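Two complexes, one shared chain (chain A), two partners (chain B, chain C).
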Partner chain A sequence: MGILLNSFTNFLSFQVISALFIGVAFGILGGALPGISPSMTIALLLPISLYLPADVAIAMMMGSYQGSMFGGSISAILINTPGTASAAATTLDGYQMALKGQSGKALHMALYASVTGGMVGVIILLVMAKPLSMVTLKFGPPEYFGLMVLSLSLIAGISGKSFTRGLISACLGLLMATVGMDPIYGTKRFTFGNINLGDGVQTLSIFIGVFALAEILSQLTKGKEELTRKEETLSLEQNTLTFKEYFGNLWTIIKSGVIGALIGVLPGIGGSTACFIAYAEAQRNSDHPEKFGTGIIEGIAAPEAANNAVAGGALVPTLTFGIPGDVVTAILVGALIAHGIKPGPLLFTDDIGSVYTIYIAMFFAVVALLVVGKLGVPLFAKIINLRKSTLLPMIFIICVVGTYSTRTNLFDAASMLFFGALGFILRKNKFPIPPFVIAFVIGAQLESNLKRSLILSDGSMSIFFTRPISAILILVALTMAVLMLVRNYKDQKKEEAKSTE
Partner chain B sequence: MIMVVKSLYSLRKQGKLSLQTVIGSSPSNSIKTFLPQIIFLAACAMYMVLIPLIGFITSSVLVLTFLLYFFGNTRIMMNLITSVIYVIVIFLIFTYVFRIKFPMGPFGF
Partner chain C sequence: MKKLLAVLMIAMVAIGFLTAGGATESTAKTTIDFPTKPVELIVGFAAGGGTHIAAELLSPEATEFLGKPLQITTKPGAGGAIGATYVADSKPDGYTLLYATMSLPISLYMDSVDFKKDDFVGIACASNVAPVLAVRADAPYNNAAELIAWTKAHPGQFSWSHPGVGSTLHVLGADMMFRMGIIDTIKEVPFSGTGEGTAAVLGGHVNSVVGFPTSFMDQVAAGKMKILGVSSPQRIAEFPNVPTFLEQGYKAVLTSTRGVFAPADTPKEVLDILDKAFEKIINSESYKQRGTAIGEPPMYANARDFNQMYQDQCNMIEELLITLGLI
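Take a look at the complex of A and B:
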């Protein structure tokens, strides 16, 4: 309890609170601008956060996480383009409401649903994280290895259509993680004699390259007309939400929040699926399911509550296992490690203060979202039709400066370019990005657990199968792999049958 | 030894892949479709070369002006003014708030 109070009082400083609000504002902005994803926003904030003390940085990252989850709904409602993938479900009813002249009401619903959903996510995080960490505390290196293999293969299977492509992507990520110092012996590997690679590939270069630069490159395919076009924005009407409308939907919101948070806990599924499930669930339980899609308020409440709740849920495996379930939490893990906070079960015994700081940051991020959202929505509604042709080159400069500044090393900026090109090529060839990034982030952990297990067993692979938990985990991973390959094979057969007809 | 095991392990994973799947139909990879990306990356590479030679500010203004034009903003004077203001703001923020040293050109800026 003393530690909790201590973290709490540390948190209530001017610096932390202002970082929180700045994070939320940037998050909403990044989420609202179509073509700028939450992962891109947070990746671009990462270099700045490295200059700040740990608690200030955590506040900023959590703020931008929550903010960007809400921000997507602004453009979903006003220009019928989801600003983030997870706001796709919000466009269904949001845009219809805006067409009816109820954009103010729709945005307020989105905000209150996001805030309530975010709170549900925080509660789920509080309830689940500690008990789970007690379980994993008994894990040894072989169990950890099994757990990581299982989550990686799940992520590889779910994040794209083809399991094989997901696996190739994951292997590429693991390969990138092997560059630099060997975690046990300290031998230098794959550095090609380059001093700059001695510490391995910089995490920041990968994040900014793959999320920001690759995005800019793929926006370029759209052509100049598309890039210079100003989006047609519906005006923000002055109508607001009544108490009755909010409390009438409270049950839907809480239920959607729980759905979102629980889906967030599972690795690899992510926000957009959670939102569509919550939307479908709200529709199924509604008295008037036929009205969904014509602009009713439940259709906004459900997905918006779900996508902010995902944030809390996704932090559960991230903090307890050290295994991020989606790309945003992968970036958070990168940020935490850079601040010397190592997510994993040991965090709960050795550094409970940091865990509390994260909880508190998450809680206040939701509160800050309410404040910034309430005051700032009219402003954000004006900014979202910034032309991409101006915005993207400016973001490019920030990418270069951000990667350069962490070590004041141009090599990092150049490798950011390399990973941007790589990310673009992967994306164009339908290789999913999440397995690549998540594999890179947990690569060092995976490898050191593999090596420690092999040291325990004198180099025999049997250790993974003689210990019951790791045997079960690895067998589940293998079964999943076979099932997913069979499914892919069937899909492929179907495709072929279709194309020959 | 362990490194060999590790690499064998990942090779086995990849080997398994090549047996059982076909890397679908290859998308059109002709140079022409990706010309914008290639020009963009070439400009970026130029930028990396220029930074140590003529300094961060000058090279960034040049590259940003070009990129703004390349992305479809046709008014070059406007692009130049935007670039100068933007780059100087970024430079000041990173120099005075985050204490980053940027490479300077032969003219002292």
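Take a look at the complex of A and C:
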């Protein structure tokens, strides 16, 4: 306790607090800019942080970690361009709300959900780091596979009206995930001899293509009037988030936070999967699942709470084993080592002070996010008031620059254009986009863990059913898929009955 | 107000362009007056990763010894081959250099890349890292000989992991298994990254992981893992008590050298300037300190020696990959 208090008082210095705020602001900016991923934001801060004292550096990086997780939602909501991969799920309802003129409300929901989710992550990290670290170890390839099957089954819930079209979209997504080098044997697939496809299609190129560019294209088809039309401004009341709306969603937010933190604990899965799972779970559990995707706050609350909570979860294996939970924590490990703090099994015994500093930094990062976000949201929300004919070309430039800058590779911008066209065609023909994106995100982990499991079991499928965790996950997935199919079938019957009446 | 917003948006775009970095215009003529602008060092791996950080170690002294800053740009993908292709295709004026690991010779033979061995010329070796074979502390074998005996008694049950097909650690690990004569009786389970592989070993899902020493130092100190052997001609500072494979009687001695390369047609005068500058950078005390701290043991070789090392490595890797059946 004494050490905790000591770390706490050390933390309350002008330098540390200002580093925290700078980190948050920088993170929000980086997160909002497509192409500057959370990991790149921290990588950009890394050289500066090496010249700072350890606690100042930690505060700055934690701030930018939390900031960037929220920042992604700004561009997702306002211009349908996920600023980070984790914000992809936020575009589904966020942008629809912005179209209705409720961008202020959407951004506030994103902010409060991020802050609450971030808190859930911190609390879970504080209270359960040690027991949760065991989860990291319990998950071997078959368990990962089970989890991916479960995630995939959630697609059934977000397929929209036509289950068949949803499945076709999902299969296309899985197909895209096979592009590039086979994760186990190294065979090149669908690369057409192009070295830029060696690692597969870049996630951001797909996200920005099918969300942002496809949206620009469909706006363009709406004719000149639409482009010069001024967005109607709603009364303040319709565009602000009420207490009731926040507390009405508190359960969804906390649950999504827990989902996010738990997925964060598992190395290699990542924020975007966590957000889609949280989104699908919120929809599954909702009284009005059909409204998801039309612009409702639940659809923002769930993914935004999840992606900030991932940060807390990802720190669990990082601190307890020195095994990074995601890309951001991987860079964080490097930074901590450079400051003489060695994340790993000895940290909790040898250097508990540093552990507390990290916890406290994470906690205050969430608080700082609330402050900076609250100040920034009204400013960001105004972007939507720009005339479309001004806004759309700018978004297009951001799309190109963003996809280029992830790997400083023009090929990724070109593939963004390709996926923009593909997304546009899919939308025009009423194929839902979310299943495509989720299947793509899940595909790589699904495949590599299937193969790893089968190598370990000498090709026997029994490995998935003799190990309790993977067996349970797969059974839950099957049950959920069947339940959703039944519901889908009943809904269709009802509609048919209605139309014949 | 609207104008202000438009300005803001333009600023956002501008920031995007700036942070995107990359594309430096190549206008300078190659005279003896080199460098007259920042030199770009391309890293073929993701920002913030081990290779990127290793390259960043070189930049603080660059302004002092090179006269201009060293601008590090990451062009990740295809095991470093995308970055290497970019440098091979760039103007050979000394302003675009490549920071590469053992993955450069590996990609020459394992990938269908557009560059050739002779497209690059070595400038300086910067560091040298030896891979190790790590297992869980409670594993029933403590050294190479015991491991071999165990795999003989339990064929097909031992599994090893590496951070990806065609990675340096894949090839160096396969070399260890080959030299121990067990490569045909064990399972290979690639993960994406040493971290994931380590988690799988700690969780008991796979038996061993091949990685660089810093990944396991704390695990070993905490009594969670142990090292069966080091692939290196000599013992390493990180694990002074662990015998090398060579000491144990197996000829696995390959290490991963990292260093700076230039496109082959770079003028001799420019290469000489770079050679001298990097010699001072890599031999500086501050570089050595940073390198040691971060687990990137400094090792210097000048342009002539490093180039020879590179040529030798290429031949050896080709031979090894054929022996291992990887190409």
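Here is the rule we use: the second predicted complex is superposed on the first by the 268 of 501 C-alpha atoms of A that agree within 3 Å, B and C clash if a C-alpha of one lies under 4 Å from a C-alpha of the other, contacts with A are read in each partner's own complex, and residues count from 1 in each chain.
Quick note on the criterion: a residue touches a chain if its C-beta (ideal position, glycine included) is under 8 Å from a C-beta of that chain, and two chains touch if they have at least 3 such contacts.
If you're wondering where the values come from, they're calculated on a predicted model, not measured in any experiment.
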item: Partner chain in contact with A:C275 - chain B first, chain C second, else both or neither; value: neither
item: Which superposed partner A:L369 touches (first chain B, second chain C, both, neither); value: neither
item: Which superposed partner A:P141 touches (first chain B, second chain C, both, neither); value: second
item: First (chain B), second (chain C), both or neither touched by A:T408; value: both
item: Partner chain(s) touched by A:T390 [first = chain B, second = chain C, both, neither]; value: both
item: Touched partner set for A:I168, first chain B, second chain C, both or neither; value: first
item: Partner chain(s) touched by A:I398 [first = chain B, second = chain C, both, neither]; value: both
item: Chain B/chain C common contact set on chain A; value: 182, 184, 390, 394, 397-398, 401, 404-405, 408
item: Partner chain B, residues of chain A touching it in the complex; value: 48, 51, 162, 164-165, 167-168, 171, 174-175, 178, 182, 184, 189, 216-217, 220-221, 224-225, 227-228, 387-390, 392-394, 396-398, 400-401, 404-405, 408, 410, 413-414, 417, 420-421, 424, 428-430, 447, 450-451, 454, 459, 461, 485, 488-489, 492
item: Chain A residues within the chain C interface of the complex; value: 29, 32-33, 35-36, 39-40, 42-44, 46-47, 136-141, 181-186, 188, 193, 195-196, 198-199, 267-268, 317, 321-324, 327, 330-331, 334, 337-338, 340, 342, 344-347, 382-383, 385-386, 390-391, 394, 397-398, 401-402, 404-405, 407-409, 448, 452, 455-456, 458
item: Sites on chain C touched by chain A in the complex; value: 1-2, 5-6, 8-10, 12-13, 15-17, 19-22, 46-50, 52-53, 56, 59, 73-79, 81-82, 85, 110-114, 156, 159, 164-166, 187-193, 195-196, 198-200, 202-206, 214-215, 217-219, 221-222, 224, 293-295
item: Contact set on chain B toward chain A in their complex; value: 1-3, 5-6, 9-10, 13-14, 17, 20-24, 26-27, 33, 36-37, 40-41, 44-45, 47-48, 51-52, 60, 63-64, 67-68, 70-73, 82, 86-87, 90, 94, 98, 100-103
